[in-house]
Each structure stands twice: as C-alpha cells, then as structure tokens.
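What follows is chain A paired twice: with chain B in the first complex and chain C in the second.
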Partner chain A sequence: MKAFKAELSKLFSLPYIWLALLLGAFAPALFAALDNFAEKKDIIAGISTRLSEVGYIGLAFGVQGVIIVGVLAVSSEYVRESNENGGGQQLTTSLSVVPSRLSFMLAKGGAVTIISILLCVVAIFTTLTVTRLILGEYAPTFDWSKLLGVACYWVLTALLASGLTFITKSGVIPLTVLMINSSVVSLSVVLSKVTKLAYYLPDRAGIDMFMSMSDSVHTPLAGGFVMAAWAAVFFMIAAIVFHRRDVAA
Partner chain B sequence: MLTIDHLVKRRGAHEILSGISFQARPGRVTGFLGPNGAGKSSTLRILLGLDRATSGSALINGKPFAQLANPLMTVGAAFDGSGAHGMRTGRAHLRWIARAAGLPRSRVEEVLDMVGLTYAAGKRVGSYSLGMGRRLALAAALLGDPPILVLDEPVNGLDPEGIRWIRTFLRERAEFGNTVLLSSHLMGELAETVDDVVIIKRGKIVADGALEEIIGTHSTLEDAFFALTAERAGDTG
Partner chain C sequence: MRASVVSSSRKIMHMLGSELEKLVTLPLIWLTLIVAFLANMVLAAAFTSAGLQGASGAGAQSILNTGLASMGYLQAGFIILGILAACSEYENGQIRTTLTAMPWRGYQLSMKYVALAILTVPAALIIAASGVFYSFMMMKDAAAAIEMDKMIEALAGAAGYLTITTLISAAIGALLRRTTPALALLIGYYFIVSPLSEPYLPRIFNYFPDIAGHYMYMKPASDDINALTPMQGTGIAGIWAIIFMAGAIAAYRRRDA
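So, the complex of A and B:
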C-alpha cells in the first residue's frame, strides 16, 4: 500500500501528467461534439444508422489521455540524466526503496488503474453532458453496462501501455504506436479487412464492450475478456523481462 | 555489516567481477577504490539488488537486499547523478520516497537541511548542478536514517566545500557505529576519510585491509594504489 501511494505521489508530481489528465478529461467530449454535429441532422430526421455510437465514439477515440498516463508512469523511471549531471535514472532510486520488482510493478499498475478509472468517470461526464447539450431530446440514453465497458477499455488500454513500456524501457515507441493506432489509423481496423483474426486484437475486441458496430463479432463480455487477456499477457511478459533484466543493462 | 563473498558477474563473454570477496564493518568507513571500469559500481549495484550476480553473494546484515523488511531504514544508497526525474522538484522527489517508506513529511525537510539543499528544494531537479544532484541523492539515502550507507562515487561533482562536508559527515556517521561503504576512483580525496581500503582492478581485489596496512611503506594512498595494481595485475608501467 505504501508503494502504491508512492506511485500516485510520483505521477501527480510530474507536470506532463496534468496535460494527460486534461486531454483525457476533455478530448472525448470534443470528439463526441464533432461527431454529434455531423450526425445531428440524420438523428433528428430519424435516419441515422449510428445512433448507438453517439458519444461512445468520443470515448473510444479519446483514450489518449490514459495512454500517456500508462506510458509516463513507466518511461519516467528510465529517463536518463545528462552525462554532465551524472547520468542517473529514477529506477535506481525506486528499486532501492521497493526492492521487490513484482511489488513495484503491481504498485505502478494499481496507480495507473485508479487514475484511469477516475479520469474515465470525468470523461464520461463531460462527453455525456456535451452530447445532451448538442442533441437535446434526441440524445440517446446511455446504458450503465456500456459505460462500465468504457471504463474497462480505458483501464486495459493504460495497462497495455505500461506493460509495453516496461518491455521497451522508453516511451517513444509505445506512445507513437498506441496514439496513432487509437486516433489516426487503427491497425486492427485495417487488418480486419484482410483477416478475421484482427477482431481478436486488443483495441478491436475491447471496443465491443461498449460499441455495437455493424461488423462486431464479440459480445461485450467476450470482447472484454479478449482485451483483458492481452493486457495480462503483456504484463506477464513485462514482469518476466523486468525481473530478469539488470538495471544497468 | 556488508559481506561480499566470491562475487562473479559476467555480461556476455566479458567477466566484470572475478570472484571478489570483502567486508565493510560497522563503525568504519570502507573505501572501495579502483580505476573507472574496474567493477566498483557493478559490485554496489549487485549489493543493492539492481543487477544480478552470476554467482556468489552480496549480503546486508546476512540477507540479500530484496529480503530486507525496511530497506530504507536499513541501508541508504546513492548511485549515479541525482537518481531523480528532472521534471520533478527536489522536495517532491524526496516526498515520494518518504511516502514509500512510511516516513513523515517533516523528515524530508530535515534531510534537505542536513545536505544544505533547502534553498533549492522547490526547483526542478533538471535545473540542478551535478553537485546539487549528488546532495539530493545523499538526502534520499539519509531519509530513513539507516545504519548502513552505500555511496557510489559520492565526491564526484562536489565542490571543495562539498567534499570537505561529506568527509566530515561520513566520519561522524562511522564514529556513531554506522557502516559506510563508498567507492571512488579519486585516491587523494579519500585518504583522510576511510578506515579500511579495498582496491579492485579489472574485476579482481588486489588489496584489502586497514588504511595504514595498505599504505605500508608508501608515502601516500595514491602511491600505494599504483604500486599494488601494477604488481598484482602484471603491469609494468
């Protein structure tokens, strides 16, 4: 518990984290607003085929905030000081305080999970508010089970980001890959045109927890299970690599 | 008590440590000396559980570091630089460590005062000089008021005043019965600080004993170091 509190303290004392929290809290609402304006005419006319996606699409695209939280939580440990300043890194200090690497990883995972849940609650509030303001009486009712699915999607995405960063020891690759994949070009969407296996990639399966798209293949529960399995496998690989690797390596 | 016993470390085909053994005892400042790349940092990293030994053991009061119940209250360590993230303030860095060890916030202010860093505690670590970073690392090591200190090149980057301060400080720690193990490649800086000397060269211990024994008939510790390393390692120059 002390290690978990220390991880929260570490995260909240990094200035970048506040940028990530701002992005996480308001980007989904912005995405949803743009989508709402684009679909409003069709929704009012009763001919929109995307009513079930309204709002949720913002929450799917707006996951970048927790990706940054997940990556930063780990990459900040590996950032090296300049040679003029001794070339040290925080990880040395962290493991001098919490010697068990598994406890260290669990504390970090716990802190990322809690922050992701809280951030998701705020994002759901801003997104739903914006959707109701724009669509008024035409706004769809939001289902609690689907909103729970959104929270799971955000937490699992953040944990995947952390696990990946433990393996790469740097935030550059995970941040680039995950940010582009969640906003610009989704690898799983492109691949799904080629093979059905793409539906089992973590982001594509995870989205089935809260969005019923025309080509969905998973039930919300199955989608969540597939994404959770990915996160668990990534975290296990990360734990093995992190446990065996020298800090100096 | 710190006990290094037949420690071997290989990385690929390269043998960094070739079965070294020595002890650092309570009430003594032990200087772990050797040129750059001799294996000093690797030894200290293994002692603190940061790197893995290929074979042999490095124990703190008879236990591996990972098995210590309250690591920060047992051993304080400082390695390269500040050991902090550059975007965080010095005070915030010490606060998360204090939180991890269950120590009160007031202890953070105490150690900042001890190392003379209170004036810069609210500044980002990235703006610190090397010397300030080293003081912050020492403050982190002292947070739990541990009976054992392990410091890797503690005088690196310190100005003459800082070096003098750390000498006095470490001597006082030892006089109160604490164990101090410090590594350095600067022989001259350490002669006035250490009680015992362990000299390592190319992963092998070439001398281990009390300061007077090591100096022997030589005029300074530095002379003794060069003479010993030349004899044992087969160097002629």
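So, the complex of A and C:
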C-alpha cells in the first residue's frame, strides 16, 4: 500500500505530467465538439447514420492522455541523470526501497490504473457536457454499459502502454505506435484491409466495447476480453523481462 | 597571435563537421532509420496488396500513390529522428561540452540543422524510393508504364517533405529539451489533430505545415479548387520550418544551458 501511494505521488510530480492530464481531460471533449458541429445538421434532420457514435468518437480518439501517463510512468524510471549528477537512474532508488520487483510493477500498474479511471471519469463528464450543450434535446442518451466500456478501454490502453515501456525501457516506440494506432489513420485499420486477423489487435477489439462501427466484428464483451488478454500478455512478458534484467542494463 | 585565429568560414566548416560527426555516431539515429526503412517496406507491402485487391487496371498514378501511401506513417520515423538529434544533447549534459567547444550558440545550432538536413535528404530519398520501387515491382503487370520524370518529381517532393518535417521536429525538440513531451506533441499534431480537424477547416488548413507539405508529393484530386502547386506547398512548409528553427535558435541563445 505504501509502495502504491509512493507511485501515485511519483506520477503526479513528473515533469510534463500536466500535459497528459490536460490532454486526457479536455481533448475528448474537443474532438466530440468538432464532430458534433459537423453532424448537427444531419442529426436534427434525423438522417444521421452516426447518432450512436456521437460523443464516443471523442472518447475513442481522446485516449492519448492516458497513453502518455502509462508511458511516462515507466520511462521516467529509466531516464539517466547527467554524468555531472552521478549518472543514476530513478529505478535504482525505487528498487532499493521496494526490493520485490513484482510488487513494484503491481504498484506501478495500480497507480496507472487509478489515474486512468479518474481521468476517464473527468473526460466522460466534459464530453457529455459538451455534447449536451451543442446538440441540446437531440443529444443521444449515454448508457452506462458503454461508458463502462470506455473506462475499460482507457485503463487497458494505459496498462498496455506501461507494459510495453517496461519491455523497451524507452518511451519512444510505445508512445509512437500507440498514439498513431489510436488516431483516425490507425495502422490497424490499414492492416485490417489485408488480413482479418487485424480485428484481433488490441485497439480494434477494444473499440468494439463502446463503438458499434459498421465493420465491427466483436460483441462488446468479447472485444473487452481480447483487449484485456493483450494487456495481460504484455504485462506478463514485461514482468518476466523486468524480473530477469539487471537494473543497470 | 594572428596565425592562431581561425577564419570564420573555416570555423563554420569545423562546426558543421563536428555536428555531422555527432549525428553519425549516435546509435539511435541509425536504429531509427533502419526501423523506419523496414516498417515502410511492410507498410508498402500492405498497401500494395490492398491496392491489388481493389481496383484492377489502375493507372500509372496509382503506383505512385500506392508507393507513397505509407508516407503518412513514415513521417513518424523522421519526427523521431529530428527529436533524437535535438534532445540527445540534453540527455547526458553533452550540451555543456558542446558549448565549451563551440561557444557561438546561433552558429552551432544552425550548423546542427544543416548537418541534420545533409543526413536526412539521402535517407528520406532511399526510404521513400524503396516503397515506390516495391509497389512498382508488384503492380507493373496491372498498371500502365510509369513516367520517369513524374516519379522523380514525386520522390524529390517526398524527400523534401520528410526533411522539412525532421527539421520542424528538431526545432520543437530543442525548444522542449525532453524527448517524450516533444514526441507526444508532434505525434499528437501530425496524427491526431491535423487529420481530425482537416475536414472542418479546409481553407486555412492548406497553410499548415503538414497539409501544405503533402502537396509536395501528392497529386491533388482534380476537382479540388483549393489545391496548391508543389512549389507553393514547398514554400509554405519551408517557411514553417524556418520559423520554428529561428524560434529554437532565439530561445537557445537566451536560455541557461
């Protein structure tokens, strides 16, 4: 429990974490607002085919904030101080205090999960408010099961980011891959044109939890399971790698 | 005394040489370029196979479009390249050694950008050309013969676009001095903000660095009245790069290292 509190305090005091929190809280509302303005005319006329996606689309693209949180939480441990300050890594200190590597990882994962949930609640609140304000009485009702899906999607994405960063030790690759994949020009969409297996990639499967797109193949529950399996597998690989690797390596 | 004073043009050449050497000996730069090359080949293969399944009897233009379709993703590699070149100085306190050896900050950073451009242009050309070459090999039966000059024009535009993107990224990296935030900012702009908001604000968006840059290598749809010529696109994207680099140099000269 102490380790978990320490991880939370470390996360909140990271440089540039405010950028991630700000993005996570307000980017979804911004995307939803843009989309709402574009769709408003169709929705009022009753011919919109995308009524079920309104608002959720912002929450799907707005996942960047938690990706940054997940990556920064781990990559900051590996940042090397300059030689003038002894060239140390935070990880050495962290593992001196919490010698069990597994509990260190669990505390890290727990802190990332809690922050993602909090951020997601804020984001859902801002996005729903914006949608209500713009669409007024035409705003669709948001049901709880889908919003729960959004929260799962955010948490699993953040955990995936942390797990990947534990393996790569640097935030560059996880950040690039995950951010591109959660955008409109997602790599998974390109791959899904080549092979049907791409529908089982974590972002494609996870999005089925709350978006009923024309080409979705999973039920919300199945999509959630596929994505959770990805996160679990990556965290297990990360745990094995992290457990066996020398701290200084 | 006079003999020990190095003339300023030689000084600049020395600075360029050392900046180039620093870039070339950075292992991460080569790793980035190799990964970018491989990833681009995989993507080119994916786009080509998707293209072959789609329209049959495609025109010569479609080989170019298919080969350059991966450009949207390839630019991520060059964004990383620019950020690494700028932020590696700050990782180990290298910046203080650099400035001890070359205390002329404006010249030093300008030479870093020149060195980066010297490295990026051939790399971008090779990587972009390999993608086009692959789809050319795979699609030549299905498509008509391709005109050589059109292909060279598009490839030059693509290499220029990637170089400008690299320079903008290096300038942002030098301003923020930390890899992760710079990366989050640039990837966020190039992959999320820009494609999402493009349909909503079409007129102004032509003047944004990435959209203007796209005209350097993409042939616009013929019914697009807002389209820019490749030259206009180059000019606008180039001006953005110069503004960002000038901003980075101005901040660098004032700031405590």
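One rule holds for everything that comes next: the second predicted complex is superposed on the first by the 248 of 249 C-alpha atoms of A that agree within 3 Å, B and C clash if a C-alpha of one lies under 4 Å from a C-alpha of the other, contacts with A are read in each partner's own complex, and residues count from 1 in each chain.
Operating definition for what follows: a residue touches a chain if its C-beta (ideal position, glycine included) is under 8 Å from a C-beta of that chain, and two chains touch if they have at least 3 such contacts.
Everything numeric here is computed off the predicted structure, so don't read it as measured data.
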With both complexes superposed on chain A, which partner does A:Val185 reach: first (chain B), second (chain C), both or neither? second
Once chain A of both complexes is superposed, is A:Ser145 in touch with chain B (first), chain C (second), both, or neither? neither
Worksheet item: What is the contact status of A:Ala248 with respect to chain B (first) and chain C (second): first, second, both, or neither?
Response: first
| request: Identify the partner contact of A:Val172: answer first if only chain B is touched, second if only chain C is, both if each is, neither if none is. | output: second
| query | Is A:Val194 touching the first partner chain B, the second partner chain C, both, or neither of them? | reply | second
Between chain B (first) and chain C (second), which does A:Pro15 come into contact with in this model arrangement: first, second, both, or neither?
-> both
Task: Go through the superposed model and pick first if A:Ala38 touches only chain B, second if only chain C, both, or neither.
output: second
Both partners, chain B and chain C, contact chain A at residues 15-16, 84, 87
Contacts from chain A onto chain B in the complex sit at residues 2-3, 5-6, 9-10, 13-16, 76, 79, 81, 84-90, 92-93, 95-100, 244, 246-249
So, in the complex, the side of chain A touching chain C is made of residues 15-16, 19-20, 23, 31, 34, 37-38, 61, 64, 68, 71-72, 75, 80, 82-84, 87, 171-172, 175-176, 179-180, 182-185, 187, 190-191, 193-194
Per the touch rule, the chain C residues reaching chain A in their complex are 43, 46-47, 49-50, 53, 72-73, 76, 80, 84, 91-93, 96, 178-181, 183-185, 187-188, 191-192, 195-197, 199-200
Chain B contacts chain A in the complex at 11, 41-42, 45, 48-52, 65-66, 68, 71-72, 77, 79-89, 92-93, 95-97, 99-102, 128-130, 133-134, 137, 140, 156-157
